[in-house]
Each structure stands twice: as structure tokens, then as C-alpha cells.
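Note that the chains take the letters A, B, C, D, E and F in the order they are written out, and that residue 1 is the start of every chain.
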């Protein structure tokens, strides 16, 4: 039997000496140039971190290449960020510019720090998930291609803006709290293969999986039936019962959500809210999605105050103004009808015309 | 057959000439002295309204007395307010002071205007309602007796403060949106008289009446049973089924709620929230209730900013501070567990210690 | 009066605040019902429990409501409250009365009832508090002679009520008393003959101050608003300033939308109309200088109610703006559409707000033919459970 | 490589943003799996539908999870992705690596798998993307030789992750990497052997900026905070001012609690500690001048998760303040209490937040022995449906 | 509650005049209640409503909502009030021997 | 899906090696699956678990949650892994011929 339960390598062994020595002693940081963080310790020690974009889905070549670079300029030390960027940890300030030069030469994009749009947090998509309604990698590549100047700092934004892409409502990318998120959705109800279901469906589990109680047992067929009036096409039943299929290339696509955030800075964390209910899958460019995201970014950037996250801005101006400024249609889809729907209705005459 | 469907008297026949002439033409108002409103029309016409407290539950003697006064000083014109005060409508300014003098002489309390605590909106109580858990009139009398200086304007408050009293959770007084409200509650579950229920209980209606789904049919007894784990003692089942009783003089009492409002002024309307889960019925003075209300008023009045309603003040300082300042215990009762409970939980590290 | 003692209640005659006990005592001088009411109440104060029985279905000819039946559960002790029903008499819109009218009322009620009243009930009615089954019909007959009709109870449209409005208030955007009067006359049948699954309440406040507490207490709240600019009288503003009024502290900084700005140089208060959400604050604080706009109408809010069964609700914006001109046809049409749909779809004792919660606001809008607009919500949905109609999508490939 | 064409995907090699297509192509040079992955993906791009089958229960000896099984639904066309499982390899806390370690990893993965990775998965793992059933066990065995262990999947504690914390951040109130390291080692069994009704995630952000997105993505979020005063370096403040920094506009007026005031005379920034809710804003904007307090610890939030089934949740305050010192016994005890209770009471696939919603937060607090405090709620209840235990009341008279 | 004698039968009725135990109802009692509710003469139409109500109650355990009553019997509400001047709830249900309604009819 | 022959019977199994139709399961198949899941020898303890799983599935239509399995069989999770090295879901359920678990066990 193989060795088990020994856990990951100890992070302490992965830290450059300057971090070990100044662990917990950092005093402040500055951003000497876009994409570069300079952390200064109470001891006076300095650490530069150079952040570069990563496609997240990488090859061994990529791993080896960044390893080479790290070795050359960082004594072999590097890290990844929680948004999947790579950070080169430079202890020796003299090596900073050479590093940047090499990164530039190798077409790494430096950025994602401070007032910028950082990398997209995204999920598997058609690359590897059986539930994927769309391809997260493809959409993310297109959006970031379009917004790269916001990443590199060429164009400034009023505050950080976080984008997430999830290929289905399971939202492995935690789209529910991003400034902008793109979520794959279905628009037709699942089909039940009764024959198969009678063999392998754990019926009680399947019934319990439905958020809206749309699934009822079908004892005759030893299967289940789906109430088309109640089904909201979430696909959760298909996750627990292989005999239920929901994929529909004609009608599947993505929705766009805005105004979420997680930091407690100024306002408490907020959920993202529905902006665009549906855009069809249009690979390889998903141009409507890219356009919509750019449009949202631009409207926000040109109206928000300094430091104002998307959600803070919308809360200040009101959703009616948001829909006006973005020229997006407000539809019956935008009105919540799930459990806490009534808490989202407006109980006040305070609104803008 | 008697005349039917002719409706109430036309209000136009009840208006003093100055109102008829200046209907819709009022320009502004002032409050020349506590309890008195002076409305000025674009035409220059002036109407004085003198507001006096009423116990709401009044006798024919009272009706005749205010009629006499109205005739003497107001050409017979008077009105009631939406909070059950009486307003004498004075067209002839010369009669204003004499009216006030007579009202003073007759011990009418003038007040309830502007920055004051106006009359309590309350309900039937033991006087006339079969569902009453407490006596609304008694509690109201005691509170207003205690707070009368706030009514007459002797003591000023940062903003209007509205108090409501309801003798059961049906809240006929609409306690759910008052600055302070007192609501009669039960603390033991109802008892079902199976024998009677088998005769007169409309079982499906009774089951549907339960907010928490605590009622199940009891086919054996042709009656219903109540799940004591789920029952929240609301008494709604007793409203639809005479065979179910919930009154319990030992454990019935009142709860106190704070921070509701209805005007759209500054903040949107808000619900009142639980402050004190239970105070026993202690007639005739309900001293604990009166003390609690005064305490709430005083803490608010001494901490709120000018113009800040109870709920606005609490929202600004936070509920944790409210409980600290009022020195009220925060208990498991305060934590919501009904349908939208999760929307009341704090999803943020933003709080005060 | 002297044959009984009410030591507990007597305590509540003390003090300056007007005493309901004294009122009952006054009535008790001539009304045995009032006297027994007081005795029974004293018992309640002693025992800490009410003494009214469940139920009471009494009424008058041709009407299905308007009366709340009441029976004592200790009728042997207090025979005069054995039957003690209340009549809900439709109040005059705006609660305006003449002394003459009130006296007529008192005369009838002294003849047939306890001589006790609630002026007014929470819904708005004059509550005539306590009479016998026998006296009901003649009482109502004589009330009709002096022009008073019953209000609503049961599964009916309930007695409508409103704030004082244009009769005396400078902030009135709509004619609340006239609207209530008009609707009350129009809806006599559904007020008097319960035909719905539960109560349906309409209240009108002529501006967003909501002095009628409409948005919390009515299934349909009609609230006066305007949609142009509020009006500022700069001269009057300057007068305020001259008197030491702190315009920035008290008004500008408290405007929730930052719509106001004080130009200290020009001594001018400016409003950005697009931003203003008509919260009334500035108007309330500077009544002489700021007033409502000219293009007035109403915002309609649907679903207000108290906790039972599904929890309390404050009305939700249904129509951001509707012109309010007699005969208020658009409003009545909407009320009819709503009540028809509700009556057809609600469960027994299900308020319209609860039904909407159950079926979804968007579905409700569709059936009554209103377009969804962002003003209806505080925010769009945050869960991804979007329903698509088969007609909205293409046939599966 | 040249036997197949991927015209659609080739489009995504264009431009400056790093291309995942190029990455797959690089791997495809030596990995047939990567090549078939690209082909199958091209098919998906053409057909607008995924090509993975439902299910996949594969694993390695002694573990119940850590691997996500995957099978192509067009295995005849793309035989090298007939089986294409991913291994979730527990990342290093804080995502720190040495070049050496990464190269070792690449060597193993090139040997047994596709040579493709996600650096990192959303939960935090290194995702080794695509291998066969056969290769799994030897791959994992060799990973263990270089010190990499699997992470979690299924009804297990999931791989824990955190922000960079004290290693590089001046705002770190707690030692996020150490906590994660410690907990990961402590919970190896429940990470590797699913024994719970569903997943349970823990993430640590060392301050309320929540750079680990913990409060939305973990059942238990540990967030660093402090409870004394934040520290202001007045000298540094003045330097900011000297450089034209608008302290009132950018900081004082944006403080949500009005806790800050700028004394222009004394050139001093003052904070009212009682009011400050540690929103981080001022600290974020003036990192050189303002820093976190000294009395540090964590706020714990419970219940964060995405929409399925009961709607999305952001964690709710469970413990306003807990000291965080190794070996984090108090935290572990609490985690054990919570997971025990949850495992005993949850339905299949019910997250802890959903279970708490179902049984009530107050009940949950009682079973795990925490006192209710107002910090747990945004506001107390507004509905009157209060439950009373028989022990809390007197026996009925 | 009190006892009344109807057709020689002792029937318990409540304060509102409804029979306490719907099980004891029989057609013979109807004319007694009709008098109470000022229904001058029992016509076929009255019986149609009464029978409908009893049938509905038997089936569902509750009284029908008024719209349902009207729809199913074909009478307008006005006609119901003409048949039963005290209305469907107080009048018709009492004659039909239903438990005292608590909201619907 | 593919067919394998076990004891002369043609059995359809899926990619993960689970039988596609739990109805065709019989005790004779167990030793085949045991080999797949690296269970060297089928002891009484194995059968205890297998029989429990089948019984539970028959009664409730789902596989038991793992805690329940442990509680009801008296084995610790460690012991279960000793019996079935690939664990309760992949190992024990496969031997017991349950549908492929989707979350629990």
C-alpha cells in the first residue's frame, strides 16, 4: 500500500529567504509600475512581485518555462495567485528589470495589480466537465483578449473589477459574487430516459435535488417525471441521475450577472445580479458576450466614482438607472421568483423615472 | 328591504368653507405652537388645526362634547386623524386662542404635531376581540400617560416617533412598520378539542392556516394534530377552527419591536424588528412595558441625530450597538427562523464589538 | 354604576391622558351593555385573559358583512354582553365630520347600542362597539336614514381610507379623498357582499410621506407622486438661511440621492431632477421653500399586509406612475383585473401579496398585462433559476 | 499534430492574451491524450455541446476521492480521451512553489498523464488534467514520492486554501498559510475518505479584503480581523497630504461608519475605534499610513456556497472573534462539532448552510454551544413567529 | 349553545344559530333555518344551492369559495342574495347545515 | 458500456465497472467485482456490508450515507477501507451491485 495522508509539501520550504525572514513583518506595499508589487518590511527588506497573466490551463512546457524564469531571476521562487496569475518573487532588486525585460520578450503579459481588471476565475467548460453548457476557457480568452489593456494597466478603471466565468449554474467559479460574471444556462427542460432511470436512478435523491420541487416519482415507469411548469432548467437533477439529460446545443447559452463583490471594503459583500438573461453560444469568439462585457466595463468605468466597485456604483445610482445607462432591456427574467423573491421587490416610492 | 349600497356621506359636505375654497391650493404650513398646525393657501387664506388626544374608544358624551366645541369655535367642522386624534378646524383665527383655552380647561391634551410622539394606533384587546392576548387600550393608556410630555411638546424628540399596539400577531394595528410596537404573543401551543373539531373543523382550511406547516390531519379522530416542534404559537389556526384554543393567561404576554417606519422620507419603509421577546401581562399598569418603551424612547432620543427615526438611527449605529446602548439581552428569539431568515443573517465582517 | 366595582380599571382613570375607562363609564350610565363590558373587562384584567367566544356570524339583510359578531363566554355573569356585536360604519373620506352629523350618529347609536365607538378602526371605519343581534337591523336601517352605510368585512373589499390630502395638505399630489370617495361608491357591491377568498384593502396617501400608512396596510396602496422637478422657491430658501437654517447639514447632506446642492455663492439651492427619488425629505424640512412637482400622479404598490400567514409585507411597486383623474378608470380597470385574477386563483384566506409570492411577480404581471420595469425591484434576481417558456426558445435541434 | 485540423480553436491562438489552445497544442506534441482533447474540443466548438459522459468513479487505493473520473462520449473518434480522469493534487498553502518542485511535478505528469494542468482549480488544487484509469495509481504513487498528496472530492472536507497572508501581505491579521497547513494535515482522513453528506470547504483570508474569496466559496470561512484600534502613522498621513492626497474625499467621507475625522488644524487623522467596523477601506487606500490593529484573531463565517439547491449564500457570522494560535484547537473543536452535527443531520447533498437554514440558526447555535450575539445578524427577526420551548415557560395555569 | 326543538327533534345550535353538529342535519331542518334567515319560501333554486353546498363539503371538507359556488350553481351573487337575503355564508351555509364558515363562502 | 462474461453470464458493465442493471446482480458476480476492486478474499465481514447495502437500497431506493453504513454495520470507516481498499462508494457499492453512487456512500 502506498504512503497516504501525508499532505502537501510544507509551504515553508517554498518561501524565499526574504519572506522567511520578514514573515508577518511586512509594513506596506506600493505599486512601482503596473503589474509589480513592492512590499516593504519593518526591517527595511524589500520584495518585488511581478505578476503575469496565465491561461490557467497550462502545459508542462509552461510550467518549465516559468520555472526557468524563476530560477534565473528569483532564486527559483514563484507563486500563483488566487486568480491564477503567476507571481515571480524577486528578492534582488537588481534582477527586477531584467526579469521584466525577459517576460516582455517572451510575450508574458504583466499586470493585474491594483486598479486593473485581473485574470478571470473560470471553470472547466467543454474541456473537462460533463455539465458544461459552454466553454469557460474560450469565453475567458476572448474577454481578456479584449480587455487586456485593462489588465496591463494601459487603461485605468475606477476600482478593481473581477470577472468570473462558470460553465453551468453550479458556478464552480463562484460567479455569485463577482463584478461581472458569465454563467452557462439551459433553456429547455431535461428529458428523462425512463428505461435507464428504472435501473439506475436513485429516485429520492433525484427528487431532493430539484430546487423547485418539479420532480415527481413516476412509479409506473419506476422513473420520475418533470413538471414543465415548475422546472427552471437548472440541471441539478442531471447531476445525480445519469438517465436525465439536459444538453441542448440549440438553446443552451450564457447569462451575464453584475455587481457582486466579496471584499468588505466599504460595502459588505454582495451577490451578482442578473443583467443579461441569455446570449447564445457562438464559438470560437462569442462576440456578443465579449461586447456585452466590454460595454458593461465601459459604462461603469465612465460613470463610477473613484474607488467604486460595480455593485457600489449600481447601488448608488439604482438599477433603473443601470438599465438605462447600459441600454439593456429589463424583462420578466430579471424579476426573481425563487425562495426569497419578495425580499428583492421594491417596497418604496423611491425610484428614478 | 332597506336602502343599500349608498355609501358614506360625501366628504365635500363635511368641509368648512375655507377648505372648499382652498382645496388643493395649500402652499405651506407652520406649527405656531405645539399641537397646532397653520396651513396657508396660495390665496393667502389660513386654516388652523388644533389637534387633541383621544382615547379612540369614546362614548357618546365625548362625541357630543367635541361636537359642541367644534360648533363653538369651528362652525361645527372637525376631523379625526389617521392616528385617531381629533382635529378642530379653525377658520377664524380669532377663535383659536379661546378654543385652546376651552380645551385646556376641559383637560383635553393638545399636541401630537411635528417633532412629537403622537397617539398610539392600537386595536381591540380584551375590550372586543376574541383573539386578544392582551389589552391594547390599557397598554396604550399607560404608555401615553407616561409619554404625555412628548405628546404635548414639552419634551422634544429628534424626529417623529410612532407607537402601535396590537393585541395579537394579526397586528390589526399594523405594528410591523412602527418605530415602537407592542404585540401580544402566546408562548404555548394550542390545544385541539378533537370531539368538537370532528364536528366543525374545516380541516384543509385549518392546515393551510399554519405558517409553519405544524398541523397535520388526524384522520382517526377526524381532527388535526399539532407538531409541537414546529408550532410557533401564532394562533392563526384558532382563528379558523373554533375547536382549537390557545389562550394561556399564565404564559401569554407581549413582545416589543422597534425601528419600523412607513414614510419614504430619506430611507425606504422598514419593518419593525424584535427588541424584547416577552413581557408578561401585568394589568392594570403593565409597568414593565411602559418602562421598556420609555427606555427605548430615551436611549433613542439621546443618541439619534436630528431628524433620525428610530430605524434610521439603528441602521446607522448597527443592531449590536443598539443592544449595547439599550442594555437589552440578545437571545435566540431574536434570530429569525422563518422563511426569509437567511436574508437577515450577517454576511460580512463589518460589525462592532 | 355603583352595584359593581372595578378597582383595577379604576386605576386607568388616573392621570392626564384621556381614559377609555372613563369613556366606558360614561356610556355605562345609560347603557347596560357598556356597564357589563366594563365588568367583564375587569374580570379580564384580573384573570389576564379575554372573555369573548370564538366566531359570530351575524348580519343585516342584503349584506354579507359589515358586522363583527361577538358573544361573551361568561354570559351568565354579564348578560348584557351576551351579544355584543360591532357595526363597521364606513367613515367619511378624510375623516371629516360636522358636529351635526356626529350628533345624529350618537343619537342612533344611543338608541340601539352601547354608546361606545372607536373613532376610528384601523381600517378606517367608525366602529360602533356593541349591540345585540336583535338591534342590528333596525340600527342599520336608521343609520341609513342619516346617510351612514356599512363598511366591509370578510372576503370583501374593505372600507377604503386615505390621508387628509388636498383638503388640507400642501404636499398632496393626488386627490386622495376624492379617489377614495369615488372608489368607495364604485365598489359598493364588493364591499358589502364578500365574494373573494379573503380581504382586499385599498388605501390612498397623497404623497410618499404615506400618512395613511397605505403601503403596509393595504393590498393596493395608491401613493401620490410627481415626475417632473420639485419646485424650489429660492427667495424662501434664502429666508430660511437668513434665520440660521443649516441647509447643508439639514437638507443637502441628508438627501439620499445627492440630488441637491447648495450654491453658496449664488445662494441657490439646486436639484438634479433625474436623481431625485421624491423621498420628500427636503420638502418636509423646508415646506415654505420646496414643494412637489406639477406633473402629478400615483405610484401603485401591491401586496401590503401583516404577518399572517406568509410573513409581513410592505407593498411592492406595481405601477411606477399612473395619472389620477376622475373617474379613475385606469385605476379601476387595474383593480378589477387584479381582483378577478386573485379571486380566481387564490386559496382560501390567501392575500393577493401571498398569491403573487406563490406564482411569481413576473407571472402576475403577465396575466394583468403590465410590462416589467426595473422600478418594480430593489435588484434583479441573484439566483440563476430562470424559467423559459417553450415559445421563447427554438425547437430542440 | 498535423493529422487533424482545429480551425475554430486555432482562432483562439491569436492575440496577446495567453492561449489555452496553444497550451494544449504544446502538450499534444507528446501527449496523444492532449491531442484528442483538442480534437474533441473542436467538435464541441462546432456542435456547441460538451462531449463528456455522465459519471466516473475511479480512484486510488486507500482513498475515497481526489480523482474526478471522465469518459468521452465519442471514444471511437477520440480514443485517447476514452478515459481522461483528473487528479486533484493538494496545492502548497499560499500557492508557493520552487522551480524544482514544479519541475518534479511536470516530470511525473508527463510520464503518466496529458501534460496539462489547471494552476489552480477553483477550490485550490493543482488539477492534473487527464489520464487513464490504469495510469492513476502509479501516477499517484510517484507523486507521493515527490511529496504531493491528493486533495478532496465527494462528500469530504475539500482541499483547503487561503490568501498569501503573512508571507507577503502587510494586512494579514492571522497566519492564513499556517492555519491551512495545520488544518490540512489534521484533517487528512476526512479529506481523503469522504464520509459526509456532501462537500465541506474551509478557506482562510487573513483580513476582511477576503482575497481567498472565502466567504462565498467555503462552508466555513476564516477571516482575519482585529478588535483593538487600527494604527495610524500621523507622519505618514501628512506625507500623503503633502503629495496632494485628498483625505476627506478619498478616505474620511468614504468610511462607512463615519469613524474617521481629519483634524485639519492639528493635521491629524483620528479614528473612533468603537465605530470602526474594520471595512479595510482606509487601510487599503493609505497602506503606508494606516494599518491593522494588534489584537488580532478571526471572524468565522458559516454557510457560504453557490446556488444549488437552495440558492447562493455568503457565509454568515458565526463567531465574531476567535484567537488564532497554533495548534488552533478552538477552531478544530468547532469544526468537529459543526461537521459532526451536520453529518448526523443533513440530507444527502445538503450543504451545512442549507441545513442551518432548514433547522434555524438559533437551533444550530444551541447544538454547537455558541451564544447568540447581535453580530450574527444584520437585523433581528421582523416576523412574530417566535418559538418557545416548554422549559422556558411556566406550566399552564 | 342552546337547544331548539325542530320537528320534534332536539337540535343544538350555537349563538349564531348554526347547528353544532353538522352530522345531525337533515332536510327536515331546513325550513326551520329558512325562517331564521328570512327565506320566505324554499324553492328548487334554494335546494340547488343547499345540495351543492352539502355535496362540496362532503367531498372537500370545506365550504366552497363564493366564486366557485356561483360558477358551479350558475347563480350570480345577486341571485344568491335574492335567494338568501343574509348571504351565502350566514344564510345558505346555515340552511345547508355546514359548519360555520371561517372565511370562504 | 461493455459486456463481460462472469460465470458464463453476459453482464453489461459501465466504464467504471459498475453493473448497468442492478436487477441482474446475483451473489455469483461478487467475486468478479471483488477482484476488480482489489479485495483479496471475501470474508463474512464483506458479506455483512454487501448484504446491508442491498437491503438498504431495496428499502429506500438510495444508497445509505456513509455514517449510516458505519453505524448500522458496526464497522469504522477505517475498517471499511480495510475491507474495500477503494472505499465504500467505488468498492463496496460495486460489489453489492448498487447503481453507481452520486454523492452519498
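A few remarks follow.
Just so it is clear, a residue touches a chain if its C-beta (ideal position, glycine included) is under 8 Å from a C-beta of that chain, and two chains touch if they have at least 3 such contacts.
Everything numeric here is computed off the predicted structure, so don't read it as measured data.
Graph distance from subunit E to subunit F, where chains that touch are one step apart, equals 3. The chains in contact with subunit C as well as with subunit F are A, D. Chain pairs A-F and C-E differ in how many C-beta pairs they share in contact, with the greater number at C-E. If you lay the C-alpha trace of subunit C over that of subunit D, the rotation comes to 180 degrees, to the nearest 5. Between the CA-based centres of subunit A and subunit E the separation comes to 65 Å, rounded to the whole angstrom. Chain centres here are Cα averages; for subunit B and subunit C they lie 13 Å apart. For the pair subunit A and subunit B, the distance between C-alpha centroids works out to 48 Å. Under the contact definition stated at the top, the residues of subunit E that touch 2 or more other chains are 62, 85, 100-104.
Multi-chain contact residues of subunit C (touching two or more other chains) are listed as 53, 55-56, 60-63, 189, 208, 215, 256, 278-279, 307, 311-312, 314, 348-349, 382-385. Multi-chain contact residues of subunit A, defined as those touching 2 or more other chains: 1, 169, 171, 176, 205, 211, 234, 240, 242, 249, 264, 269, 271, 338-340, 342, 346-350.
A complete list of chain pairs in contact reads A-B, A-C, A-D, A-F, B-C, B-D, B-E, C-D, C-E, D-F. Within the complex formed with subunit F, the residues of subunit D that make contact are 53, 55-64, 69, 71, 83, 154-155, 189, 193-198, 343-344, 348-349.
Interface residues of subunit A, counted against subunit D in their complex, comprise 1-11, 13-15, 19, 23-24, 26-30, 39, 47, 49, 53-64, 66-68, 70-71, 76-82, 84, 86, 89, 107-109, 121, 123, 125-133, 135, 137-138, 141-142, 144-145, 148, 169-177, 205, 208-211, 234, 236, 238, 240, 242, 247, 249, 252, 262-267, 269, 271, 281, 283-285, 306-307, 338-340. Residues 20-23, 60-63, 85, 99-104 of subunit F are the ones that touch subunit A when the two sit in their complex. Partner subunit A is touched in their complex by these residues of subunit B: 264, 268-269, 339-340, 342-343, 346-350.
Across the complex, subunit F meets subunit D through its residues 14-16, 18, 38, 62, 65-67, 70, 77, 81, 85-90, 100-104.
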